[in-house]
Amino acid sequence: MTQKDTLDCQAKRLKDSFRLTRVGVTGVRKPVVVHRDGKDNYLTAMIDVFVDLPSTQRGSHMSRNVEVITEMLEESVRAKVSSLEQLTANLCKKLLERHEYASFAEVQMSADYFLERRPDGGKASLEPFKLTAKATAMRGNGLMKLIGVEVQGMTACPCAMETIRHQLASKRPDIKKIPSDVPMISHNQRNRTSLIVEVPEHVEIEADDLIDIVESSLSSPTYGILKRRDEANVVLKAHENPKFVEDVVRDILGKVLRKYKKLDDSVHVTVRSESEESIHKHNAFAERVTTLGELRSK
Amino acid sequence: MTQKDTLDCQAKRLKDSFRLTRVGVTGVRKPVVVHRDGKDNYLTAMIDVFVDLPSTQRGSHMSRNVEVITEMLEESVRAKVSSLEQLTANLCKKLLERHEYASFAEVQMSADYFLERRPDGGKASLEPFKLTAKATAMRGNGLMKLIGVEVQGMTACPCAMETIRHQLASKRPDIKKIPSDVPMISHNQRNRTSLIVEVPEHVEIEADDLIDIVESSLSSPTYGILKRRDEANVVLKAHENPKFVEDVVRDILGKVLRKYKKLDDSVHVTVRSESEESIHKHNAFAERVTTLGELRSK
Amino acid sequence: MTQKDTLDCQAKRLKDSFRLTRVGVTGVRKPVVVHRDGKDNYLTAMIDVFVDLPSTQRGSHMSRNVEVITEMLEESVRAKVSSLEQLTANLCKKLLERHEYASFAEVQMSADYFLERRPDGGKASLEPFKLTAKATAMRGNGLMKLIGVEVQGMTACPCAMETIRHQLASKRPDIKKIPSDVPMISHNQRNRTSLIVEVPEHVEIEADDLIDIVESSLSSPTYGILKRRDEANVVLKAHENPKFVEDVVRDILGKVLRKYKKLDDSVHVTVRSESEESIHKHNAFAERVTTLGELRSK
Amino acid sequence: MTQKDTLDCQAKRLKDSFRLTRVGVTGVRKPVVVHRDGKDNYLTAMIDVFVDLPSTQRGSHMSRNVEVITEMLEESVRAKVSSLEQLTANLCKKLLERHEYASFAEVQMSADYFLERRPDGGKASLEPFKLTAKATAMRGNGLMKLIGVEVQGMTACPCAMETIRHQLASKRPDIKKIPSDVPMISHNQRNRTSLIVEVPEHVEIEADDLIDIVESSLSSPTYGILKRRDEANVVLKAHENPKFVEDVVRDILGKVLRKYKKLDDSVHVTVRSESEESIHKHNAFAERVTTLGELRSK
């Protein structure tokens, strides 16, 4: 045995030990470039990478993980990679090459992401969204990509609106004159909703489409700049379109079904909506974890 | 020089070095007991403690800090200490005793804290608040205590309410019939407001009074349990009482002036209010950092 | 239809909509009491509760969730509940009673928790740990409890230690004289490791036992108060016992197998260890997600 | 009064109210570009902006803040602004233009930032740092800029090292043979240190210089990629250069004095160093808040 081998503590053979599901590095922060529609997007990504470890080997070679990440970064600039999930997929494959003992690899990335938005008749501003991407690969068994978005927007409560209409009307006869199609007072609040779709490697899903689906399913999108009239419009729109978190999740599921008709039944879909309730110190939450197949057969 | 002295790296004499303003330990987590109105409050506190360090000494004796904290904990149970700020004051004095080279000591503590609240005619629940306490002492120069609270509640926007009333009325003549004293639709949201008062050691300020001042200055308090009718009442109350963050801060300042008439002009007061805007992805913020004397002379 | 029914927006019947997997409230903060070994433990808990929602009903009755939590709190004081996981189990059952339309319920709780620890020959202090508990129940199908702990301790790297011994020896012949059983310099760091066991309701697992298993599997436990000699002992102990995160996870798995011989093969076990590497800005991570049956058959 | 005036709730005149110190927006997230040394740096910034508010005006015009930020972003691309602090300075001036009633403006920005680093003989990687910038302006009274950096690195404890050398030697006579200039075992850990300098607008301070000062004052910098030999070198270097947090702060102060000889005595300097102790669950902390004048007169 050479000295180099002696020093390779990680490669040490074990008898009678345990396989490990995931071994790797977490919290790696790197700048990445995503090239899309002729435009470079510069993102600051948080990256976690893992491979499995057989029961017979003491340690995983951790430094190879960061080498692979660093090579991927250079590639992202040179080769104009088109999405965060493409980067995670490429990384996953390189991890399996470099960790010859691994049968599984997983890569997660997340980053703030900006798109221009403009309220009707108002001023444009770059609105922040959050992208998440994940790839998992079993050696020799293909690769799955997960594309996720998190969107902030506004929900107005349908229940409080109805109760208040009745309560006002019962106390004050003059209120009965309010036309019943005029939206009523309710509580409304900041909402964070995420939509995550998992597909085989060759299937392309645009994160921007996922953002559109979520943003259009809230009571109203929110905007950086709202002059007085724009503000009134956004608030009115939200109250004309009151939504429980349950409604938000279901509306997204319906849109996903219609948008991705050609995708296979096996595609996984997760939707989570959380309203930071203005009337409580806790949040309201709704979720569906499912597949397109389940959704189609309802 | 004895061996023990050799090993006391911290006590090493320095020539021509720099004084340090604060040296200590941060992020110490401990259970504490505060005895108030015949009731024991069990809190999980985060604690930071510091002393200064003269230019002639290499290191502060860090382990003494945690010894002092541990003794204080036992004392808090045995001696029924009445408040978090009393604990910080006691700690500060012990730090100066134990660090004989220090001329300054500072202790910060924060903890979740619960008080029972009940919406009119509704169900009681324990609502979470946040206490902060700080003590600072110059050797031979007395001790200052800082008592702080952070309260979550609700703000409804006065500006959107007015604009929407006009906008609805201009588009739909039938809306003109809405009596002008009926509150209108607006955006409303979770708000976090803190009130911090700094007084000499002998002055007693009840944290519960500070919580009452803040909670009563928001558009409405918020509650854990709201049945349908309670929810409507809370939302209506907030809309009958719309507030900018600026209004919240000023109302608190007014109440502080009235409540603490007997306190000295030199007492420091800080109020910060932050609304997690439902129509934006960012927050609205207002603050006043001042003294009672400044407030009195406006 | 009565007016009350009209106002029950949540109960509204839907046609052709989607089932939701989990609907509920998150981020509820409450004080709880756990009675164990004749002693009351006062904890500040973060609580999330969920039920599922059939495709035919518009909304879940959110306020019932917080009512159930509030009743449970009173019960925890009156009935001297013995663990956080027992509280989550009780809560789960009440949720299914109260949400008559639900077929599934889930409750998660987490809290800081303190145990006295004393380094050999040193001073005792209360050390902070983190408890997590989760219960899930399918109506008519029993209940699963998850008991989890998170422990902070110290890991010293075995690989750097070996490399440095060789590197020093190759550069400086006099270093060869260092006896080979003297531990060598390495990097060491704060490590956070969690152990989570999921069992049927009737099985009792002591969180304190899980904490012992994790704490004894790190290079060394860590302590609030370490006088000079204690500090040296802790550091030496860690270097005599160097561990990769992979080693930590495997040692825990071995101890779990030996400690819980009587538990069923179906019991789920998850171990995660993360070292906040002192030589990198990112962390090293290892994990095994498994069952006792898998571990036994290795 | 026109309708527009009626709707300007913010402009409403108040009698007998309170001045507010800071009113504005917090948590605005935006992509910014900083052009330096012929290279574009793409950063994701968190931005807070504030102006004061006279006692006679009800509200600040919040939407103007985000308009100003949005204009600044466009300018940062077009005009190739050279630093985050230059952006904050420009923003501050525009805020005073736009809020004609304000006498004070403040802008804070922070962002992750990357520089290439390479351990001796090892592989280069982009290492993450944190930039903070702040500008404050009194109308008609010039502008102050604050440039800050936060650097992660490694500290090895000098005290444990000495104690362990003695302890080993007293227990094992053969250990006495270890040459006294060979570094000994100690605890070492991740450290976060920040250096903040506040100067008048016309003075230029390079954030990269501040990063160099901090990084060279720790026991060792840390790196993304360390192959076995590099890892040993980094760990040895740290142990040949053991540092208390107190030492780190003082070494930085000394370098600041030497580097910025030409700066005025009135320049503010703040240094904070926090070691995430591997032997404790809490951190060790040291700080100096001072001016160049104070440091010079020691």
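Of note:
For clarity, chains are labelled A, B, C and D in written order, and residue numbers in each chain start from 1.
As a working rule, contacts are C-beta pairs under 8 Å (C-beta built on N, C-alpha and C of every residue); 3 or more make two chains touch, one makes a residue touch a chain.
Values in this document were obtained by computation on a predicted structure and should not be read as measured data.
Any chain that touches chain B and also touches chain C is listed here: A, D. Note: the chain lying farthest from chain D is C, by mean C-alpha position.
Inter-chain centre distance (chain A to chain C, centres taken as mean C-alpha positions): 26 Å.
Centre-to-centre separation of chain A and chain D, using mean CA positions: 30 Å.
In terms of their C-alpha centroids, the spacing between chain A and chain B amounts to 35 Å.
Each of residues 7, 28-29, 66, 128, 159, 163, 224, 226, 228, 231, 280-282 in chain D touches at least two other chains.
For chain C in complex with chain B, the residues that touch the partner chain are 7-8, 28-31, 42-44, 63, 66-67, 69-70, 73, 111-112, 114, 123, 125-126, 128, 224-228, 231.
Chain C contributes residues 127-128, 152, 154, 159-160, 163-164, 167-168, 172, 174-175, 177-179, 182-190, 220, 222-224, 226, 228-229, 231-236, 238-239, 276-282 to its touches with chain D in the complex. Taken in their complex, chain D has these residues touching chain B: 3, 6-7, 9-10, 16-29, 48, 50, 53, 55, 58-60, 62, 66, 158-159, 162-163, 166, 244-247, 249-250, 253-254, 274, 280-290, 295, 298.
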